[in-house]
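Going in written order, the chains are labelled A, B, C and D, and every chain counts its residues from 1.
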Amino acid sequence: MNVSFFQELLNSIAERGRSLLEGSADDRSAAALRDLSGALLSERGEASGVALAGEILSAYRGATDEEKSEFFAYLLNALTPDETRVSETARDYLDNPSPQTLGELETAVASPRQEFFRRLNLAPGATSNIVALRADLLRFLPKAPELAAVDADLMHLLASWFNRGFLVLRRIDWSTSASTLEKIIEYEAVHEIRGWEDLRRRLDPADRRCFGFFHPSLVDEPLIFVEVALTDNIPASIQELLAAKDIEPGETSGKRPNTAVFYSISNCQKGLQGISFGNFLIKQVVEDLTKEIPSLKTFVTLSPAPRFAAWIVRTTGEYPDMIDPDILDLLSDASWAAHAEHQERLRETLMPLAAEYFLTEKTRNGRPIDPVARFHLGNGARLERINWLGDKSAKGLRQSHGIMVNYLYDLGDIEPNHEAYVNDGEIAASKSVRSLLSSSSKTRTHKKRREADIPKNATVGADE
Amino acid sequence: MNVSFFQELLNSIAERGRSLLEGSADDRSAAALRDLSGALLSERGEASGVALAGEILSAYRGATDEEKSEFFAYLLNALTPDETRVSETARDYLDNPSPQTLGELETAVASPRQEFFRRLNLAPGATSNIVALRADLLRFLPKAPELAAVDADLMHLLASWFNRGFLVLRRIDWSTSASTLEKIIEYEAVHEIRGWEDLRRRLDPADRRCFGFFHPSLVDEPLIFVEVALTDNIPASIQELLAAKDIEPGETSGKRPNTAVFYSISNCQKGLQGISFGNFLIKQVVEDLTKEIPSLKTFVTLSPAPRFAAWIVRTTGEYPDMIDPDILDLLSDASWAAHAEHQERLRETLMPLAAEYFLTEKTRNGRPIDPVARFHLGNGARLERINWLGDKSAKGLRQSHGIMVNYLYDLGDIEPNHEAYVNDGEIAASKSVRSLLSSSSKTRTHKKRREADIPKNATVGADE
Amino acid sequence: MNVSFFQELLNSIAERGRSLLEGSADDRSAAALRDLSGALLSERGEASGVALAGEILSAYRGATDEEKSEFFAYLLNALTPDETRVSETARDYLDNPSPQTLGELETAVASPRQEFFRRLNLAPGATSNIVALRADLLRFLPKAPELAAVDADLMHLLASWFNRGFLVLRRIDWSTSASTLEKIIEYEAVHEIRGWEDLRRRLDPADRRCFGFFHPSLVDEPLIFVEVALTDNIPASIQELLAAKDIEPGETSGKRPNTAVFYSISNCQKGLQGISFGNFLIKQVVEDLTKEIPSLKTFVTLSPAPRFAAWIVRTTGEYPDMIDPDILDLLSDASWAAHAEHQERLRETLMPLAAEYFLTEKTRNGRPIDPVARFHLGNGARLERINWLGDKSAKGLRQSHGIMVNYLYDLGDIEPNHEAYVNDGEIAASKSVRSLLSSSSKTRTHKKRREADIPKNATVGADE
Amino acid sequence: MNVSFFQELLNSIAERGRSLLEGSADDRSAAALRDLSGALLSERGEASGVALAGEILSAYRGATDEEKSEFFAYLLNALTPDETRVSETARDYLDNPSPQTLGELETAVASPRQEFFRRLNLAPGATSNIVALRADLLRFLPKAPELAAVDADLMHLLASWFNRGFLVLRRIDWSTSASTLEKIIEYEAVHEIRGWEDLRRRLDPADRRCFGFFHPSLVDEPLIFVEVALTDNIPASIQELLAAKDIEPGETSGKRPNTAVFYSISNCQKGLQGISFGNFLIKQVVEDLTKEIPSLKTFVTLSPAPRFAAWIVRTTGEYPDMIDPDILDLLSDASWAAHAEHQERLRETLMPLAAEYFLTEKTRNGRPIDPVARFHLGNGARLERINWLGDKSAKGLRQSHGIMVNYLYDLGDIEPNHEAYVNDGEIAASKSVRSLLSSSSKTRTHKKRREADIPKNATVGADE
């Protein structure tokens, strides 16, 4: 492989790197990291790549944030395509566009950082270190936006390495290793798991399942996992779903389940941010559960509406008459959820607004403003039902006035739903959800006016 | 991920692809492959990538060579960067070289084929199919050299996916699966294995080892393997080394071995040609054996000299007086190896010539003309010994007049040897090998003259 | 555990045993085996049981047959209940039969050999050595019938250790280890496997299965295995069933199989003779295949009739007019099977006789004279069909004039069939088999006469 | 296998059992258990043993304690050797003692319960159910001592099935399954584990190990486990040993450990009480750790002295002048351990008494009165050191006035220590422990007198 175009530059560095490699741990520093990295890309990397890569990762793990920053700056500035060569090959191409000149241009612009990261991966256990390194990089990015170029190379490589074809779906249950399970507790992002007993209630009963994607190089480390409940109807409330079950492991309830409910899906690796696994995970689990439990006919989520409350605040700020002030007063204090009479009154107002929030409000890109909706609708699911008081937890009331929704995955509709969504911004929704909307005629009138008035960029949220 | 720049072009194709996907196997053809591939890169690929990729690979497996050729032509011509966009970004870069314009140029020249192959890998079991596809491509390449652009993309991707960091070293022995073992029989490239009993003699005795690299996505499929004998000296003859052993599995000979002999190393995957694993394999096995069997002190090969006989023919063609004609007569018939008196006479002539073949003859790139020597010297090994009558098999006599050599891996010298070899073309060799050379004064004189006369490109062989 | 009643006797031996344990391998002999065995049962066995057991097994493996015989004689004579104590406790029981006196008698008669073998099992890998030891013992038994007492103890223990609850059913296929597969080739007792390619044809096609029982302590060693073909009818000919298949692994024929054919079942461990696994194996495989392939409705064997030809010879010896002499002439030369006209003629004669062989001929215990029939009928299967020319191999023609039979396992009938067979000697057979019998009126008349004439012990075969 | 001697008796029961087997779960009861058990031993058990055994275990699991008691009474009374036959064979033996009459007597006295439990083990997962059944039986035994006969059969069988040769040693660490780890928390009998974080501190640091014996039929269920600390000296205090470590998993302290400390060993299966694994476990762990960590030279326990305090109370009751009353006053309140001046005073008195407790006090069988001492000394260990204030926990102060001891396992001495202990009651102890004794001259004088006076059976404790 041709690395000669920066090799000479690095040769002197490499010499220094060698002595460092033989030195003690004390002189490991940003300079050492730089020199070892140069050596890794030189001829020495060909001969001693595994050892050099191990040294770099060991030095990196021991580095302070400041040293890491310096290291990233080095990657940004030193490991960059040769400007002269890019210019030459660009000119050659413009003069004579051909497969050959294109190929040479492609080689010239290829970032040496990618080769660097590939060689870094030679060390035993390197992959998880590289994922951790990207998590650091993402942490630095807001204050050092120029590192985006380094991140682009790293993400490109990680997306290739963590291609779905290399992932392994594994069931996570009570016979899974403690080291994996503690990560489930740690990473659960939707409905907090309170310790090992709570975890057991999610994994062990006969009507619960948990599945994760694993990568062969990241032993015991889930990349993403989904928690599933097997039920005999589409559930409306997360608290009811999570209530402790009597069913012992191994035993089954009398009824055979007809519905699999995906009630929580969590990414585990900050360093893999932007590489999406959720779509593949849900579809694989649907396929596998269908085989394992033929009685299952319905695959559905129970999902939050995380920006609903914020949307109401913002919109009523602009359109004060959209909601009765008494209602707003009630909403300002979560204690309403404990009073049946308040519940009914708020339901009449909020349910149509929720339908509006999901179906008609759009980002500037023409997508729903709810990020969870974007994920599931983008996957080809259908918005099946909006559930009143689906989440009575403090967080649920604060974020979404307790509303939860079901997205339904119907294998036959996934592809047309996805295409209609991507190409035309069409949102697949059940009649019952649409009827909520049509019942809110006042709101809709108001809405139409608003659509004409308001610039697109007034909406909240951005595509992931 | 941005695929919109060719998406519209492909949309109409995708429509047709869908019906094909639903059609019977009979209308799968080059057209179907093309259309499904378009669909895979379109929005449909986002929703149904796993299924589409599976369809493509299934159609490909069933395709004729002609249909495969058409498919590769499609990949070459249709899945190519957008010329306009490359030109624009190239001009932008030349006008204003900056990280941003460089990044845009990099994106513009990125081959859509790489994204295509990445999506192809979504299907279950895809990776081995993609490796097989590249084997086809390499087969077509001599007659269709323009496909080199497709191959470059594919190889780039495979080199990234088969990064050493993802490979797993596994011992191969008699408890290994038959499906793996039959591949060992099939792929052994150096010293043929004649059936299962012969295989057992290579794997099962206590003084034999075999190790291979495996990739998690290619179950039971070794990528490369090395056969090792544990001995108490550096062996000179492959026939003696392979002679049936009395040692039963589990039992050991009385002596503790001090030498590990790598006597055969074979690549298994044609589709991974050009991605080198051998260097990593040998070093890993050295490391692991050192831990397992502390008595081992010497790590050495017993290797062929595959172009020695051809080199003699060619050189004596040019320098008829280099070798006594009687000797040439003797060599023309392999039966000499059965006659002790001939053996001695030939030894005196051939051993100095062998030293010359290894040490002074060079390719136009200044490397040894022996490909096995290039591999081991490039890895940092030392040419330790040239063995007279090391291989008395028909093949051994035909290719190298029976000569075999030992390359020695001394961990402390690997890095300097490698660097001296790469940077200065220096060949690490033992005194005994060098002394063979100095003893052939006549030849050397002759040689020096020759070096002045002969154009560089007269030499045989090319770097791998 | 109470070993004190022979401990004192053994103490002096134990002393000698200790020095032997420390001695070289050369003085291992029958005496050493004896002394070490004594030591194992003494207090030293409590402290160093694992080491002593390992020594004994190592010495045993290295012993000659003569030394082994001496060792078995020692086990027979020295490790026997204390006669005085048995007599005392027997008298106590007779004087006063109570749970307590019974318990004391039980303890007194318990063979110290059982405790010896249990302690022998402490050594790593002991179990397979003990199984091998019993194979030796069975070999000696015909010439040393008194060793039956040792065998009874050993078999009692092995039956307990190899209880079906400890066995693991595993599929055997092309991904199974070579060390297991070579045993399949070696142990196949019904239809010889001619090397690895032949083996592959039995394991690898999508319509073939092989399952074996394994014990956790006998790694890679099947105890028993059954070969299965998946078909869409009940096969009549083993040659057709074994004919090379076009079906590749992973691919399936268009039709979904409705029948699983057990065409070969072989025991692997001579040392476990008399401990029956076949019954459990067949039923477990029926259960597992039913789950895996719901289209399977029929479970049937294709089985030999190994004593049919011998029975004809013997019976016609007694009743010369039972078969037309021309027919007997034809049968005397297996070449008849190649001539259609002979085939037809012989069929008319032999098929009714076969029905008689299976249905009416009995051993002195009132069981069928065909040992394979005893096995399957005893398991609760039904004799479903007698197949003319089902096995045209030389062995098949020689043993059974080419006849093969199908036994059908119908889960609902297994229990009543088994009980009727065991309690009343009733043979479950299909109408078509019974009708063969009724058509041979002449034979039956003849038969009835014969039944009155012949002493029971004239029949061939014995219960297993 | 011959079960006919009670088969007829059971045949009518079996008939009833069959209908029960087909009945609903509601009529499962003691009667059902009885009838199914009869059926299992009849011919039906031959045909449908797996199903019947499964039914029995399922019925048993659902039974009340009363129903279980009835079931055990049935096993005791119905499944008993045939009295007539025992008497006949006993008489035959007395008349003519021969291997044959002995064999017949042995068969006659063999308990049908053993065959019953062997058949019960046919059901999938039966073994753990049978172990649980014995735990029930042991619970009932104090109130129903006649069930000892049933227990003897069951224990005999379990001792054979759980023979050390079938056990697998596995390391237990943080990558072990949660279902195994929760059992470690539950079963730890010596030093309580307070939840998962505490568990992690015992398993995960680089200087900690935990090993358990597992049986192949009891997945995830340890039989016994031992917790080990790797140190560089023999520790004197459990609190110091258990103090939270800084050492991260994977990292090691600078020093290489030379000592392995077994600081807790716990049996897990009540149903296997009386079958000892601890001896084998410790020796296996010593062997394995020696291989893994060659720097380890010393293998030692840190053990409690659980009856020391009780012994003092009892002995001072008899010999009021043995201890100064002031000292007894101090001891009556555990707060002394917080006062340095009290500590010193008590040390002078208690250490010699501890030496006496271990070295000179004996049970009526001539063994130490400390049960932990009996275990380790019986294994061949040496009493190495008595540690003042080794356990300052409330439990430690209450049971042993804070004393802990080290038993040292020196592989070379294990066998002679064991034999001297078993044959002569000799206790292996270090000089330092013995010197404690000699320093307590007053006590010893007093002691000698006491030995003459006191009947042996005054001592506390019983052999395990």
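Methods note: a residue touches a chain if its C-beta (ideal position, glycine included) is under 8 Å from a C-beta of that chain, and two chains touch if they have at least 3 such contacts.
Here the structure is a predicted model, which is why all the values come from computation and not from measurement.
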{"item": "Required steps from chain B to chain D (each step between touching chains, minimum)", "value": "2"}
{"item": "Mutual neighbours - chains that touch chain B and chain C alike", "value": "none"}
{"item": "Most widely separated chain from chain C, with each centre as the mean of CA atoms", "value": "A"}
{"item": "Whole-Å gap between the CA centroids of chain A and chain D", "value": "51"}
{"item": "Length of the line joining the C-alpha centres of chain A and chain B, rounded to whole Å", "value": "39"}
{"item": "Distance from chain C to chain A - Cα centre to Cα centre, in angstrom", "value": "59"}
{"item": "Per-residue multi-chain contacts in chain C, two or more chains", "value": "none"}
{"item": "Chain C-touching residues of chain B, taken from the complex the two chains share", "value": "174-179, 181-182, 195-196, 200, 220"}
{"item": "Chain B to chain A touching residues, read off their complex", "value": "43-44, 46-48, 50, 80-81, 83, 86-87, 90-91, 93-94, 97, 99, 102-103, 105-106, 109-111, 118, 121-124, 126-127, 146, 149, 152, 157, 159-161, 163-166, 168, 216-217, 280, 283, 379-380, 414-415, 418-419, 422-423"}
